[in-house]
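The next part holds the structures, each set out as structure tokens.
In what follows, subunit A forms one complex with subunit B and a second complex with subunit C.
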Partner chain A sequence: MIAALIVVLPFAGALLGLLLSRYPHGRSPAENLAANKRAAWFGVVPTALSAALIGWLAWENTPSTNVLTVIDTGGISITVGLEVTELSVLTAMLVGVVALAVQVYSVGYMRGESRYPSFSAFISLFTSAMLLVVFAADLMVLYVGWEIMGLCSYLLVGHWWEERANSRAAIKAFLVTRLGDVGFLFGIFVLGFAADSFRISDILAADIPQSTLVLATLLLLAGVAGKSAQVPLHTWLPDAMAGPTPISALIHAATMVAAGIFVVARLYVLFPQPTLDVLGVAAAIGMLGAALAAFAQNDLKRVLAYSTISQLAYMAAALAGGARDAAVFHLVTHGAFKALLFLCAGAVIHHVGSNLLHHMGGLRRSMPVTFWTMTIGYAALIGLPPASGFFSKDAILYGLERSTSPIQLLLYGSALLTVGVTGAYATRAWLMTFFGTGKIQALPEPAPGTAHIFDGREAPPSMLWPLGVLAVPALLLGFTDVGEFHLAPAVTALVVALLGAAFVYVVWRGSPERDPARLLGAFRDPCEQAFYVDRLYAALFVRPVLALARGVVRTDDGVVDGAVRGSGRATVGLSGLLRHLQNGNAQLYVTGVLAGVLLIAVGAVMLG
Partner chain B sequence: MHVVYPAVVAALLFSIGVYGVLARRNTILVLMSVELMLNAVNLNLIAFDVWLRDVLHSGQVLTLFVIVIAAAEVGIGLAIVLAVFRTRKAIELDRLRDLGEP
Partner chain C sequence: MSVLLVVLLAVPLLGAAALLVPGPLGKAAVRFGILVSGVVFAVSVAAASVFDYADAGSIQGNVDFAWIPGLGVRFHLGIDGISLPLVVLTALLTLLCFVYLAGHEPERAREFVFALLLLELGMLGTFLSLDLLLFFVFFEVVLIPMYFVIAIWGGPGRRAAAYKFILYTLLGSAVLLVGLLFVWAQTGTLDMVRLAAEHPMSRSAQILAFVAIGLGLAVKTPMWPLHTWLPDAHTEAPTVGSVLLAGVLLKMGTYGFARVAIPILPEGAAAVAPWLGALAVVGIVYGALACLAQRDLKRLIAYSSVGHMGFVLLGFATLTPVGINAALYGNVAHGLITGLLFFLVGALKERHGTADLDQLGSGLLGRLPYVGSLLTFACVASLGLPGLAGFWGEMLALQGAYEPAAGLPRPLFLTFMVIGGLGAVLTAAYFLVMLSKVTHGPWGGPGPGLKDATRVELTAWVPLVVLILVFGLWPSALLGLTTPAVQSLLGVP
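Presenting the complex of A and B:
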């Protein structure tokens, strides 16, 4: 019951925001401001209520199931219901807190933006969909939420659609995740038909043969890779950074991309070893590759995007290695600190008016609050004690060390290497943003699609409060699970991370004006291009599909339209011949009539 | 007198009328050709009435009708010809092509 309220509240907020924000209609600046104010209330209040209810649910801590209705489809029926489990409450807590922080943050970030009402309404809709995924008791209901999330991601990435690159990025994000979702839907079908029910509890309890499970989970894995930006469907996430920064924080760092990991964790007992091995190989490649790519990026948001891919691959590796609880733990801590990092990056970008790291520098003094909160975020990302990332990474490494997976060595080695590279890229971004000398004199007026420049030194309070609120869990969340702490892997990870960080620091110290990414040498360009995966996909899939589409257009123009137009032209040509008879000479007509009468008469005589 | 003679004469008259309707350019001559055709029919009616020895002489009665209607028809036809001549200064049939396809 409470769960239903939690899901419905943000949805109602979205409806109200879309329908009533602009009532009465008007487009003058004053009316725009009033609409934005109303939309902010519609966005913040339901999300806050929902977050409070999640808190209550977590405090009560009683698993329950509520079924609204059963849809009889003639085949396997669909149960519209919500199920509260420990995992779902934990994830919902993360979603609620991050969504609330982002709603409050975007009030300041999108100030004066004429499309703010739809923006905040879509955030509410997204929150509702994500909560539906988290609480769904039926795979079909989960899939509904799953698709609405994808739609909201598309709408919000393309929020500044005036810039062609932004709408292209939105379409790319939508198409790539859709590609995975097709597999996901078929995976649901296979599971549903094998268990004769779409209810998750029934499926988990059903006795499904191993081969069916492998097929179904591999199909599910396609959707998981699409949503969670795992290799090979990860290419959309860096481009999705074209969206406004709060969106990157909410959807592309903390919640939607974590949904894939969540689904695997929710259905974990179904995943047989072969599927987990596939997941593990993809994760091992993804985490190291994405971390290296993050090291070479020049755009702060893209650094964080690749970092997200890398951290999600961590969770996937933990799942593949059998450490489900560690994966969920990292999911929650990562959601908190990555949302924090993105919101801080938004504040920095707001201040500087540019996304590029080499436009930044020396912001430590002018933005003290952002500096400290972002430092906490980076500390959690690197895994420095006592920040939350330290504990969750330790749990994952411990799990991977103990794993009985056949690819344990690959997973563990890749994870350890990635810890080092993570230390390096986080330190690089931190140093280049906040230290050295300021490099901005005067940037041109930003085009739509980039953030506005503020005159003030620090971001407005509505942006700073969420930073402070998120910094607390990013710093302290690790202590909730401190009983599971293991010293040996923690020290190993810490040493490796510090090694990476120190290496970058020494290089940066040598000449603070230059990018530490030069460390990579000849390897820098491949890293910056993310190992040319985009180009490979363009050559393998995009260009052939475009050529095919052009062929279809030409066929439609030439053959189908040609047939229609040709029949018209043939009729006109033939009737042109008959037209010559209608020359207006009545005697000719009479001659024709007489000839006809004669023919009929002769015919009648001959045949009669 | 055998019925074949008037029948042949009527057929010849009718053919002359058809030729006039189809080939003459002058509208008044076309009207006269129509009269020829009507009179060929009248000749036929009389001849067959006599040959069949019809007690009621319906052939002759019908002929009287046709003569009256032909007179009326020629009156209207000539009036039309006059009207056409007044408006267009021409009564040649092949020059009156306003209803033709342009």
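Presenting the complex of A and C:
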């Protein structure tokens, strides 16, 4: 019951926000302000209530299942129900807290935006969908939430739709994930038909042959790779940074992209070794590649986006290596510190009026709160004690060290290397943002797609409070699982990370004006372009499909419809021939009649 | 119930007849149309409320008396879980069309209302009749008023489009009639209920009859490659014509599969199903690709219908309860969603004077926020987003193809499923690209003088939006109705 309320509350908030914020429908500045105020209430209050209820569920800590109704489809029926498990409460907690922080933050970030009402309503809708995924007791219900999240991502990435690039990014985000989701749906079919039920508990309990499981889970992986931005379907995430920063924090860092990892963890017992190996290889490639790409990016949000891909690959690697709990642990800590990092980045971008690291520098004095909270976020990302990331990364490395997976060496090696690169790129971004000399140039008028430029020293309180609130779990969450701490991998990781960081620091110290990314040398361009995967896909898929589409239109007009028109012309032509017989000449008619009579007579004689 | 069914047909007929009485009518014609179609809608709702949902699988409200005794044709009406949703949908869409007309007074309003009422009579009759020849008669009654709607109130190329429409569909109907008469010659009865219960025909005769009837219905549906009348007709038809054409007329073809072809000729259906499925998935991908390169918004929506009807036909081709459920769901959902889409595109065309994607300009969400948002909503519904009506039809059709009826080649249908799934991605692609062109981007094109959605327009559109949401979030509303009917149709316990 409580779970249902948790899911429905933000949904109701979204509906109310969409329908009632603008009532009565004026568009003057004063009315816009009133609408935004109302929308803020519709956005914040239901999410807060939902988060509180999740807290209650966590405190109560009793697994339960509630079935609302069973939909008889004529085939395998769909159970509309919610299931509260330990994993779901933990993930829901993350979703609730981050969503609330983002809603509050957006009030300040989007101040004066005429489209804030729809923005906050879509965040609420997203929150509801994500919670539905988390609590769903049935794979079909899960799929419903899963796809609605994709839609929200599309709508929110394209929030500043005046800019063509944002619109393209939104389409890309939706289509790439949808491509994966088709596989996901088919995976659900395979599992559902094998277990004769779409209910997760039935499927987990069913006795399904190994080969079926391999097929089903590989299909599921397609959806997981799409949503969690894993290789080879990762390309949408960096572009999705075109959306407003709160969205990047909520959807593209903390929650939606974690949904893929969540689903694997939820159905973990179904995943056989071959599937896990595939997941592991993708993760090993993805984590290092994305970390290198992050090192070369000039756009702060893209740095964080590639970092997200890399960190999600950590979780995937942990899952592949058999360390499910470590993966979930990292999912939660990463959700907290990456949301924090994005919100801090939003504050910085707000202040500077640009996303580019080149335009930043020396901000630590003018933005002290942001500086300290973001430092906590980076510390957690690098894995410095005592921040949360230190513990969760340690758990993953420990798990990979001990893994019995056939690709254990690949996973462990890649993870350790990535720790070093992570230290490097995080340090680079940190130094270029907050140290050195300030280069802020006040732009006269912000271009659409960039935030407003503030002349004040710090972001407004509605933006700072969420930073403070998120900094606490980002810093302290690690201690909740301190019993699982292992010294040896922690020291190894710490040394590697510090090496990476120190290297960048030394290079930067040499000439603070220049970008430490020059370290990469000739390798820099491929890294900045993320190894040209986008161009490859455009050449392999996008352009051929468009060419095919033009071909179809030509064929439709020329061949399919041409045949129709042709048959029409042929009919007219034939009747034109016949028309010559009916030319009104009586002599011809009489001749015809006589010829007929003659023929009949001859026939009668011959045959008779 | 029986009385209601007769009233359902009598009201539009009498309404049309009343318009024949000469006299000045002026603006009252449309109001008269709203009144009559409102009554029809009320009657259909009444029929839905007295409908016995516990027994949705069997025919209710039988009306059965001899009509042409010499030929054994009977005036046989009835309603069950398959036809009830379509009847209500028809009555609703017709009413909404009249409401829309109230804000867009057509020229020669009296004739227009007359044509629409006749159209409604034919559509309702098709969904209610249980006699093969009666079915055919109503099926044909629809063509004439639609021809005039396109030919008189259509766009600049209306003449050619109307000719193509009537000749093409008449040709299809001729084949359909041959098939129906063949059934009659083989069995000596035209009673659908009896034929569906007894299947007295031999396998080869069934195949022959199925091909003929199926071809006739496929023209109407339309199935690839018999679809080329549709884009022209849609592009030239006036808005309400397009709405009814997509919303109801196409459904008559698919309804024929559910009511006539599959239950009466099960063995024929089993033999032809792989072909039907193949043409269906070709239609899905072909329609989507055609949309991707389309320049005219109305043509685009028309081709999207080809794709969506592909999903419906794929559902039928699986011959499973879930597949046929999917087809029936897809039918209703497509009626609501594409009806809404054509309303919106019509509104755009009326404001901009063109439906050409390049001339419509960009940034619609800024210039006309209501129309833009509703267009986004309708497109998202049409691409099959879960939680909106379009999803269930597509998903269940694919599910049906995953495990088709016993005796059908499973690997083939698995291939269909995969192609259909990719078609769904392409569907999303063309809708999003179109939305990006039209609704996103800098505010361009015709200036701020254009009016956003008017009150009348919203009155016509909001019911569709609500229903799309309701059927998306609560699929049992429809599945609960069709499942028993489908099970009794397929003889599954």
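The rule is short, and it goes like this: the second predicted complex is superposed on the first by the 551 of 608 C-alpha atoms of A that agree within 3 Å, B and C clash if a C-alpha of one lies under 4 Å from a C-alpha of the other, contacts with A are read in each partner's own complex, and residues count from 1 in each chain.
Just so it is clear, a contact is a pair of C-beta atoms (placed from the backbone, for glycine too) under 8 Å apart; a residue touches a chain by one contact, two chains touch by 3 or more.
Predicted model only: the values in this text are computed from it and were never measured.
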Touching A:75, do we find subunit B (first), subunit C (second), both, or neither? second
Mind working out whether A:409 is in touch with subunit B, subunit C, both or neither, as first, second, both or neither? neither
Between subunit B and subunit C, whom does A:144 touch in the aligned arrangement: first, second, both, or neither? second
Quick one: is A:174 in contact with subunit B, with subunit C, with both, or with neither? Answer first, second, both or neither. second
So in the superposed three-chain picture, is A:594 touching just subunit B, just subunit C, both, or none of them (first/second/both/neither)? first
Contacts for A:584 in the overlay, against subunit B (first) and subunit C (second): which applies, first, second, both or neither? first
Subunit A residues contacting subunit B in one complex and subunit C in the other none
Which positions of subunit A touch subunit C when the two form their complex? 69, 71-76, 140, 143-148, 151, 154, 158, 161-162, 164, 166-168, 170-171, 174-175, 178-179, 182, 185-186, 189-190, 193, 545-546, 548-553, 556, 560-561, 564, 568
Residue numbers on subunit B that touch subunit A, as the complex places them: 18, 21-23, 93-94, 96-101
For the complex, give me every residue of subunit C touching subunit A. 164, 167-168, 225, 227-229, 286, 289-294, 320-322, 324-325, 363, 365-366, 380, 385-387, 391, 395-396, 398-400, 402-403, 417-418, 421-422, 424-426, 428-429, 432-433, 436, 439-443, 475-476, 479-480, 482-483, 486-487
Subunit B partner, complex, touching residues on subunit A are 579-580, 582-587, 590-591, 594
